[in-house]
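Worksheet for the structure shown next.
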Amino acid sequence: MSETAPVGRRFVDVSELPMFAFGPRDPIWWGLWLLLAIESTMFVLLASSYFYLRGNESTWPPPGVHQAPLWLTALTVVALLLSVIPTWWAFRAAIQFRLRPIQIGFLLGTLASAAACVTRAYELATIGYNWNSHAYGSIVWAIYFMHTFHLTSGTVENAVMTVLLFKGPVEKKLMPDIRLSCIYWWFVVVSWIPFWIVIMFDKS
Amino acid sequence: MRLVFDILVTLAMIASLTLYFRGVRSTKARVYEPIAFAAGWLTIFAALVGPMDTLSDVLFAVHMTQHELLMIVAAPLIVIGRPMIYGLWGLSPSARANVLAITRAPAVLKTWRAITGPVVVLIVHAIVLWAWHIPFAFEGALHNETIHAVQHLMFFVTAALFWWAIIQGRYGRLGYGVAVFFVFATAMHTSILGALLFFAHGRWYPSYHSMEDQQLAGLIMWIPSGLIFIVAGLALFAAWLGESERRAKASSFTTLLMLLLFCACANEYRGDRIAEARQLTGGEPERGKTAIQRYGCGTCHTIPGVPGAKATVGPPLDQIGVRTYLAGHLINTPANLMKWIRAPQSIDPKSAMPDMFVTERDGRDIAAYLYTLK
Amino acid sequence: MIDLELHVQLAETWRKPRGLWGWLTDNHHTTIGMNFIVTSFVFFLLGGIEAILMRTQLARPENHFVTNDFYNQLFTTHGSTMMFLFAVPMIEGLGIYIVPLMLGTRQMSFPRLNQFSYFSYLIGGLLLYAGFFLNFGPDAGWFSYVPLSGPEFAPGKRIDIWAQMITFTEIGSLGGAVSMIATIFKHRAPGMSLNRMPLFVWGELVTSFMIVFAMPAVMVASSMLASDRLIATQFFNKAEGGDVLLWQHLFWFFGHPEVYIIFIPGTTMMSTLVSAFTKRPVFGYVGMVLSLVATAFVGFGVWVHHMFATGLPELGLSFFTASSVLITIPTAFQVFSWIITIFHGKFIVRTPMLYVLGFLFIFVMGGLSGVMLASTPLDWQLHDTFFVVAHLHYVLIGGMLFPLIGALTYWFPKFTGKMMNETLGRWTFAFFFVGFNLTFFPMHNLGLHGMPRRVYTYLPTMGWNNLNMLSTVGAYVLGVGVLLFMANAVISLRSGAIAGDNPWGSFSLEWFTSSPPPPYNFLYLPTTRDRYEIWTMADDQPLVTGFRPDRREVLITKLMDAFPDHKIETPRPTIWPTLLAGATGIGVITAIFTPWGVPLGMLLAGIALTGWFWPKPPHHELLEEQP
Amino acid sequence: MTSSSYQDALHPAGPYANTIVGVWWFYLIVCTIVFVAVWIALFIAIRRARRRVEPDTLAPRAPRAMMLALAATTGLLLAMLVSSIAGARALSPQGKAVTREIQVTGHQWWWDIQYLDERSDHIAQTANELHVPVGERVRIILASSDVIHSFWVPNLHGKRDLIPGQKSIFVIQADKAGLYRAQCAEFCGLQHAKMAFIVIAEPKHDFEQWLATMRASAAQPKTADEQRGQQVFLSTSCGMCHAIKGTSAGSRVGPDLTHVGSRRTLGAAVIPNNRGNLSGWIADAGGVKPGVLMPPNPLDPDDLHALVAYLESLK
């Protein structure tokens, strides 16, 4: 059933147009990138605040600061980076409407991201200073909080997506959303790397 | 040491200038392109050789000016001059074929595509910029000429890639809207870096002694550079609007009507042509389109439907499906078209169209795509 | 299918739920837009009442009308209300209502996000006023400088309320901005390429982008402040390595663009009105758009001029002055362009046009006093005096409120189907214009004669008595103007002349449907082939057909040339976004009292999100074949 | 000088304020010209448009007019920019020799003023009253003990914020002898409105004399009344916040009262210093200045009178 054109007026008929599209043709793609723009601005402002506060101090971080063990933080980074590979399969497969690789990709991706959540929890537990110790502690904890928030919400999103994919039925128009989930997740991964380097290696 | 570097830089620059202008002479360039290239070239020369470079060892502000000249004056000017195309044309035909063969290698192409994605260059340039301002890195550059050269090279190359991706990159004028956004983002983060330098309570780099000097350097990075970014952003934006106007005119209202009234689906309105093209050539038009991008046909030809293919070096390829002759004397048949694509010199030894070593299958696909253009 | 039958089917599909439940669940852009407009107007009235109270207190020296504590709450709430609860939401609301109509679409992108934004904003606003009415309203100014707003000098919950209100309303603004941008990019009528969009749409687009980049700064800042107060972080505590100026940088990194966020749509309302009442396209379309973009660009680089008196390194001052006055050039371009348009047009004197002239008087003056304030020597003398109060009201009331009242008069027939009364409208304008200048012009002099801002009283010997009295009288006149405007709206709503589709003979697509628009906006979507669509429309301009009348289908077009690309189905009314706003609200408000509010809010929000994204029964034609 | 212009940016009494006023008049003239020009153009446009039935169908010939207008705008902006930068240059405290350094510390809601000296026993301390010698440059070192305040003597110079944890330098100079009022210009809480001080510019001789008095310890009470007053001061809670040099009271929480009898105002330039005001202020400062940190002091009336007599004697 569809609107049909009355006789006597000129009409453009769009009844056969597809009901979804990939990439910048899709409004949600724009929504996601705008969300990422907002999030990136927040991360940039946090980083700027970090460097602004750093500019006031001659010793940085303040004496007596103990970071979480390097190997533990590196483990988180590795888990994050590993999660990119299966989500990349899913990303590739989505545009070809191949369900099986998407399912597997998301399952593995979710496992990797859950692993990152676990190591992150240990990381937080082993940080040797508090947010109320000094401004350094405050800003680093703020960065940790922001990223952990994204990490957990991203993991939950991956998990939900996995469930939906396995439960089915899967509509074709879910495919663009799958690609967008991947992009969001990569943002979570990529945004951590500079912060990780700064927190672990920035000393004067 | 310094002298050696100066000589090396000068030599490399003279070589690049020679190559570029040989290329310009052997093909047709838009008037502004060589001018932009020459201006960019002079800027680099002024920044790297001579008093500015000497002064930059004692004055941070001068050093900052030098970097900004490299990144936001020279780099975009050079990119506007399209050095790769003219450089290629400046080579001898055999060298050109060799270079092309290397650059057409799938691995090279893939890497090139990966590192010139607009988001990627945005991030890479940002990382390079911020990382080199970490005190030990910057100090290292100040004390060691080699590190310094690497720093300048990285600044310039990532900046050039950034400007290339947003001005000449794969989305062309279509992507200028996004380009405005990227220019804005870069303006923002460099301003923030400048502001941090300006507001810092201590000196970042022990080699520079005066606070005022550091503040001035920060200001240069923040405000005059910000202005240049604004001008660039506005220019891109104006070009974007212009492109929108052109496209709207091209898909002018009657076209729109025709398409929609008579074709079932906008996405597949070329459906019957696609089928026909497949039949004629045995190739796959969609694959052909990517092959066209991969081989860089768009740097010489205007090809409808291929992003960035807007050049006027060779003839435009629109409606090639309905033309009678190819290359002026060859009957337009699928076999001839494929032959022409794969080995132009075998048909016309004097043709300027390079032999790009197109594979059999790619040739088929490209021909298939071209036959959808009616 | 004949038109009537289609109308019946579409009206059923797009039916707006009624009553309280309808208000909570409806996500059509006209509903959300009107919610924003009405709510923000109510906040405008509240802010106005606060202003009247302040002016009454300042009418005479050593007045005891209100206490100093209450006065501080008054100006803090007034500033916060006008900035966060009136100006930005009003602009967004107007955009949410008008822009989709101008673009010729049936619904915005992300209607549920819009719905969530509205209720977030509403809860944030109610939070602020709950505090204010219970006499623990915030009292550290709308800028809340630390350490005055920090845990040491502002014990109690007042500032926490402010900080959470900010975070909350900014979430609302950001959501609105995101869906506005996606709508403008993807929902335009076929043929409306980028360079054919009405200027008002450009204004909303540029403003939305500015919101995307500016608002995060104030959210970061207010979160830092809240955590300094709540869990003893040390961001702004000098003793532990914090920095009080960090607050000012973050705040003004948002605060200066905020001004342009407010006035850019104002200037594009001006362009709309100028065109509509001179019957002529605005001169220099591309230049106008570039002016908006240039203003936005520069707006992000000049925040430091709010901090001239903090003792910045001297070296930077001339740079900051120079970059600040740069804004003048694009703004001047716009002003000249309107004058040129009037010069070539025909001059139709209707109420909205009076506001155009009012704008040109007030805003030009405000812009010029802005150039003065950009100069460091003058700023050192004038900063934080009543001169600045005068300047900012000239810019914001002149730049936003005058065009807004003109635009509301202009769009009133579209909202309601009735014309506003012309005679009353002119009286309203007279009161507005006279009252405004009477209130704020003397403040320039007060500032020059040494009266600082934010003082609850002054000594009788200071020589400020007469000017202050004059200003107070003006405030009352302005208040009468606002009352007249409301009276006019009520009277016109009841007994105004029937408007018809396009009463002003105007040019953009919102006038291409009935007034008020039907729930589905357009029976057949329009197509365009030029700017000023209605004026240039061909007799047989084609319409778009081919949507399923039983689903809420919307046409998505290409970004550059608005060529039809695909269709999407937009959601029907739902309660979940409202619940999500409520859940976030509970979390944020609980967080004022205990940090556990944050996890609580996340948990509740998780539940609401689950409901929101719970898979709907799929359409069979879109099912992937299952392996 | 009229009483109403003693806190006024348009009545400069020194070189710095003079510079600013110069910039101000230049800006005002240019801006007025621009405003008038815009409105003349608008009137011409409206007159033309009013006479027309239909809008022009021709393309506007305006680009040239626009270019001219923009060029004029840019030119005027440049002129203003130059005058502003020149002004800022003239105001710069850098490299200017000064005769004296004064540290001004902002408190909620009063001003602590110290005349610095190499000899620590030569440091004179006072509150809410800044004396400067006429015709000499004086360096003001600004600091804050709590929130951000702003130091602003409109007749002498623009303003400069007092930021906790940070010291800033400001140079002022008064060329005309006289009395100038100054007021905190950054919102600082409940009594921001009543945080003022007065600046007294006097000839060098008078200034040196005043400073010598300020350096001295407090006068010993002479009459019985005054002696009783001193006892009241030292035995009640006064000394927990205030200091009187030469007695056991040495707290720095509130203003130094060593020479309070010589001051012209009370409560940070809120009320004139006379017997009635002083008594009322001691009894209930919050009545005059709600929110003030000084608590009400319900003294026995005789004690109050004696205390006032004692304080008045501290010239």
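A, B, C and D are the chain letters, set down in written order, and residue numbers restart from 1 in every chain.
Everything below uses one rule, namely that contacts are C-beta pairs under 8 Å (C-beta built on N, C-alpha and C of every residue); 3 or more make two chains touch, one makes a residue touch a chain.
All figures in this text were calculated on a predicted structure; none of them were measured in a lab.
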Third chains touching both chain B and chain A: C
Of B-C and A-C, pair with higher C-beta contact tally: A-C
Whole-Å separation of chain centres (CA-atom averages), chain B against chain D: 59
Chain centre separation (chain A, chain C; CA means) in Å: 31
Computed distance of Cα centres, chain C from chain B, in Å: 40
Centroid distance [mean C-alpha coordinates] between chain D and chain C, Å: 38
Sites on chain C at which at least two other chains make contact: 190, 213, 245, 249, 322, 527, 542, 559, 564-566
Per-residue multi-chain contacts in chain A, two or more chains: 10-14, 16-18, 52, 56
Chain-chain contacts as defined at top: A-B, A-C, B-C, C-D
Complex interface listing, chain A residues touching chain B: 10-14, 16-18, 44, 48, 51-52, 55-56, 58, 190, 194, 204
Touching residues on chain C, where the partner in the complex is chain A: 1-3, 6, 109-110, 113, 174, 177-179, 181-183, 185-187, 190, 212-213, 215-217, 219-220, 223-224, 227-228, 231-235, 237, 240-243, 246, 249-250, 253, 524, 527, 540-550, 555-556, 558-559, 564-569, 606, 613, 615, 618-619, 622-624, 626-627
Chain D-facing residues of chain C, complex: 67-69, 72, 140-141, 145, 147-148, 152-153, 238-239, 244-245, 278-280, 283-284, 287, 309-311, 314, 317-318, 321-322, 325, 328-329, 332-333, 335-337, 339-340, 342-347, 357, 360-361, 364-365, 368-369, 371-372, 374-385, 447-450, 452-459, 461-463
In the complex, chain B residues that touch chain A: 123, 127, 135, 188-189, 192, 196, 199-202, 256-257, 260-261, 264-267
Residues on chain D engaged by chain C in the complex (per definition of touch): 2-5, 7-10, 17, 19-20, 23-24, 27-28, 31, 34-35, 38-39, 41-42, 44-46, 48-50, 52-56, 58, 60, 62-63, 65-66, 69-70, 73-74, 77, 80-81, 83-85, 87-88, 91-92, 94, 108, 146-148, 150, 152, 154, 157-161, 163-166, 168-169, 181, 183-194, 270, 290-291
